[in-house]
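What follows is chain A paired twice: with chain B in the first complex and chain C in the second.
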Partner chain A sequence: MAVTTPEALRTQTAAVLDKVGFLRRFLRARIWHGAEWYITVLGGAILVTVAGVTVLAPVLAPHDPNEFIGAQFTVPGGGRQALLARNGEVPIAGDADLAGVVIGVQRNRNGANLAKRLGAEGVRFEDQQALVGGLKAGEVDLILIDESVGQELAAADSQLELVATGLGLRFVLGTDNLGRDITSRLIWGARTVLGVALSSALLASSFGIPLGLLSGFVAGRLDKVLSLTMDSIYSFPGFLLAIAMATMLGPGVINVAIAISVIYIPTFFRVVRGQVLSIKEQLYVEAARSLGARATDILIRYIFPNVIPSVVVVFSLNIADAILTEAGLSFIGLGLPPDVPDWGYDLSKGHQFLIAGYWWMITFPGVLISLVAAGFSLLGEGLSEMLNPRLSET
Partner chain B sequence: MSSRLWRYILLRFILTIPMLLILVSLVFFVLRVLPGDPALAILREGASEEQLASFRAAVGLDRPLPVQYVDLVTSLMRFDFGTSMTRRIPVVDEIKTFFPATVELTLFSMLVTGSVGVLGGAFAAQHRKSPADYGIRVASIILYSLPIFWLGLMFQMVFGAQLGWLPVSGRLSPGMTPTETITGLYTLDAILRKDWALLGDALRHLVLPSLTLGLVLAGIFTRLTRANMLDVLEQDFITAGRARGLRERVLVYRHGLRNAFIPIATLLGLQFALLLAGAILTETTFSWSGMGRLIVDRIYDRDFTTIQGSILFFALLVASASLVVDVVYGFLDPRIRY
Partner chain C sequence: MSPVTPGELLLQVCNLNVSYKTRTGPVSAVSDVSLDIYRGEILGLVGESGCGKSTLGRALMRMLPRSARIEGQILFHGREVLGFDDRQLRELRGRGISMIFQDPMTSLNPVQRIGDHLTEAVQVHESDGGKADLRQRIGTLVERLGIMRQRLSDYPHQLSGGMRQRVMIGLGVVLSPDLIIADEATTSLDVIVAAKLLDQLREIREEFGVTIILITHNIAQVAELADRVAVMYAGRIAEVGSVYDVFDGPQHPYTQGLLRSVPSIKLEDREELYKMPGEPPNLLSPPAGCRFHPRCPEAMSICSRIAPGLLPTMPGRLVNCWLYQEHSEKDGPAARTTARGAA
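Then we have the complex of A and B:
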């Protein structure tokens, strides 16, 4: 590499690029950009996956995110039931009809839900000991019990016999305090989170970019006033501003998006204005002006296209931040209406039950928020280094 | 002490005034002009028209908006942040009760942010483009992508609920609450009173919240330090030092870091706004009775004046912090003048 002149390298590469398709060209770019390429691709891959999940939510989600479908606090992977009987006294054959058979279930557990769904009238017992005791004493013919517990019991106790396993629903990531399926809530929640973050970034950019263009291009008094205003808002803790907005506007997807977008208008404004200030001094702009181009043409056709790369970077970084802000608002109870599945809201619920040890309620939503926010950050960082290598070094 | 320095300080001070006015107007606009009726929010649906009217008259919401605005600005000049709508006590008293806890939390968090950020950033800059550099950079991106409250929840779960090493909520254990406070910072109070049991308890309660807040901000701070260190390390005096055979570690950590320190300290000052925003969520997570708790609790009560007062107090705080940082910077670096 060291002896190859840049010219030779460029001709070689151009020749190679002509032969290969888009995908190969894309993969080849990693040689040019090094680590930044990997960072960008990693971020992009995370986002494409999440976007896919968002689009396919109705197909992917096993259950309705708002339905109280299981028992409260089912552990991840739990929910499946085993049917136990007294040894040698199995009242049914295989998966025969359960009608007319007296089934014992444990109160507030998945077995109780399942019995209800099967239409069998279950006899409720307070705890596991009472349930097994009830079976042995002949109060009931069969009991429904968590699969793993049932298998252990059958293996350890010769009085009990395993009739069937794998009954009922399985909750991969467990259920929450109301028995809702966490997997489904997370999948549908992706829609909410991405929707709010994207629309707030779009809103912020649709105010910030035009104002920044105008302020940088027109200069003078307008620029001074706008800059001071934007700098003031920028210096203020944005989360507090979002709190104030969200308090006033009340819960709602649109309202939260508006509340969040206010924070990011100054970010777009500052970046665009700074870029315009340096671009408008460039020779080609001067050339256009001397050829008699109109001011609006110069702004829109000569300056704006050169601002786009920075805007893309800011956009990506802002979405990352907006996701965290949205989650924060939900966490303190200012987010969306309760019937909209949302990761931040699920975390605030998990917070209430943290000491009880239901780790799955707080772990999974948090991992997803971090993952998606990191995805947008990585994409933004990588793009920023690839598009303006000099900007990111300082 | 040159007259140019004083001119700079004066100008910087004067510039703070329109900035504060803009923020006050913004907060006023959001809380008073935007749709949403505080009276209805507090008295709930079903309140009669007379009840609403008398409530509005009692808290001054029935006056024309310009009058309310002028009143707000003039009372702020007297450091009057209004009267709580629900508790009927001055918001200033509320702030006095809750603010010391936030100060204590933010100070200890800054300690975490500063040490982790400076060391991480300097190390990454020293080993630029090495796997360690990329590792630190990716780690810092991940750190600031963590929802601050979630990191807190994870700490609570692991070190509190599972291992039982550290307390997960509050500022002191039950029964330890001091009868009177001197500064309101429990650690400082304990030292002043030589109450070592109290100091230990306060510190144990501080560990998880300040780690939570400090680590998330350390992600941003590492990046800033790295960028600044890279600037410094490219300068001639570093090359000169290297030519004279100074060891790399001495170059980076003694000569380099010392010269990067002024911009880094300034950046730490500018992180103040982020620190306060993060404190709100950290306090909610750890039931830490500071300003964040105050604001969040009053949101549930729909106590608009307390929310407004607290937010304006933060605005004042941020504006003063950036003023102080700029003035100190002006003293330290003679090149900075208007």
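Then we have the complex of A and C:
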């Protein structure tokens, strides 16, 4: 009989698993849960990482995401400065305080920012050629220049001597068009994105699930009215509806969450209602009634727990979708206010400057959006495979 | 096991009609049924699929879908069940009458432990009472039913079909109701498990003194277990009597046909089984008169015009057939229909 087979299999696997190490056990888990196991674990791992980053944002982020801390369009990994002088004419000792010293810098580059921060007297030059020329001509005795460029120049030109390297800040993922650190923006943006996606999914489920339960359980006219309403929302293109809602509500984290949640209420509603309709015909519900259980008890203790597995799956998939919708809203400028770091906003800015060759502004937020959305999708799909009783029976 | 000891009346059904509202019109699933059930007996309720036996069983607890209309009288301990409000109804269900369902695989909540099923059933009716006390009581009950106490913390899917059915019985008796309705309780079990279960039902009856209505289409089980039997056909009761009387000398032509359709395991009489001619009627438009007359080998002209009553033919025996009843029109054009029936 079908009842004994999975049990036999389970004891068998348990016996096998006792003899193997953790890694083998992890790989063996396929026997319990099928190949979906890995998908789910992968999705879960992505999410745990992102969630960790979200929580630890103040610790992890190197800079304030809104501060114009570096020069515009610093390349990924750039930002560090080198100090150059004419060969043999180094005016200061290696560990001297640079405050008050006259240093040549290039306009709008990280060297200018650094000189200002150090309290040095910066003499600005129009471009790199003028800067190096100025040093050679004796206009200034020291110049600040991008580290890699400085090293190359010192190696190639015997007139120049490298005084110090590794000065100033380094921007791992570069800076954006306003000189803001992209790493910090992404780390803080994770908080925004996850917050908006989670709260919109929570909001959608806290309306969709009770309405679905009620509609399926009570049936009759209430069910007809609710189903019709939900179906008309559902038939509307989701993103269009989100745009309309966001326009109506205006910018703001809560408003965006509300705008997004509206499109997902029908998803929860339909799944829950369908489940309730089939579960309430189950014999165990009837058995509960035959024992004199109250209608509310039946709904809460018999029907609701059996709906949860499908809700969990929908929830996870909806978060993935909400992330994309949120990014989409921000991309077209209907999302969050500009002072809230947000991947969608970075994406739209990056899009503007991509044509000028600043590829890093659009790439990193884009990769992250895809990764997190994929993480939730993988988790949701994996869970739905694992929680589906029809598949797990075999 | 004594034949028909009309003891104390527990439940009295008078002229009960149940019809379901459907798009094509009302379906009369139970029509004009009257039945007395005595305390402590086991009554077998048999009939073909769709003859209304389950509907009748559910009507007794008012467990019918909203589309059903119930008319008539159901007196439980002399109180009118059809007049009960929600609170009284909840009190009746579980405490007064409980039901054991057909399919043990699906009649337990998959996300609830076995013990919680039982505890909850009790707590619905008795909000007070100590937890430890209750656990003790439930532990004793399941051990009495042959389930180890430790299994109380198991989920339904961890139990075998027979064990689940025993849990269902436990749910049926945990509130010590006066009447248990076993609705096809053994249908999905194999014969060995079913036999054990029937034995258990009998023990329960003897121990707790409950009354049991055994709804089934398995005639052999009724013969084995029941004291009295009621045969239903197309929403009406055809014949009621003690099992011995009815199975030894069936009086209604339907009962006769039904008993001849039961397969036997005796190898010497491997004769062809009796196949009843025709089909059960469509209850959207049941035949006029006696509902069995289109299939009846002994139909008379009156049968198609006037319905017979369920009247006694001998002590403790009621038959719903014109063969045993008098009517002024009965012998009129009898020859014509008999001829048609024979043709």
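The rule is short, and it goes like this: the second predicted complex is superposed on the first by the 358 of 394 C-alpha atoms of A that agree within 3 Å, B and C clash if a C-alpha of one lies under 4 Å from a C-alpha of the other, contacts with A are read in each partner's own complex, and residues count from 1 in each chain.
As a convention for this text, a contact is a pair of C-beta atoms (placed from the backbone, for glycine too) under 8 Å apart; a residue touches a chain by one contact, two chains touch by 3 or more.
This is a predicted model, so every value here is computed, not measured.
Upon superposition of the two complexes on chain A, no clash is found between chain B and chain C, which fit side by side. In the superposed model, A:291 lies in contact with chain C only, and not with chain B. Touch criterion met: A:373 reaches chain B, while chain C stays clear of it. Seen from the C-alpha centre of chain A, the directions to the centres of chain B and chain C diverge by 70°, a value given as a multiple of 10 for the model superposed on chain A. Touch criterion met: A:248 reaches chain B, while chain C stays clear of it. In the superposition on chain A, A:305 makes contact with chain C only, while chain B stays out of contact range. Comparing chain B with chain C, more residues of chain A are touched by B.
Between chain B and chain C, the shortest distance over C-alpha atoms in the superposed arrangement works out to 14 Å. Overlaid on A, the two complexes show chain B and chain C touching no common residue of chain A. Of all residues in chain A, those touching chain B in their complex are 35, 39, 228-229, 231-233, 235-241, 243-245, 247-250, 320, 324, 327-328, 331-334, 344, 347, 350-351, 354-355, 357, 359, 362-363, 366, 369-370, 373-374, 377-378, 381, 393-394.
Residues of chain A that touch chain C in their complex: 1, 3, 7, 282-284, 286-294, 297, 301-302, 305-306, 389. Interface residues of chain B facing chain A in the complex, by the touch rule stated above, are 18-20, 22-23, 26-27, 30-31, 34-36, 129, 134, 138, 141-142, 144-150, 153-154, 156-157, 160-162, 168, 227, 230-231, 273-274, 276-277, 280-281, 284-285, 295-296, 299-300, 302, 304, 307-308, 311, 314-315, 318-319, 322.
For chain C in complex with chain A, the residues that touch the partner chain are 61, 63, 89-95, 98-99, 101-103, 106-112, 120-121, 124-125, 158, 160-161, 168, 171, 175.
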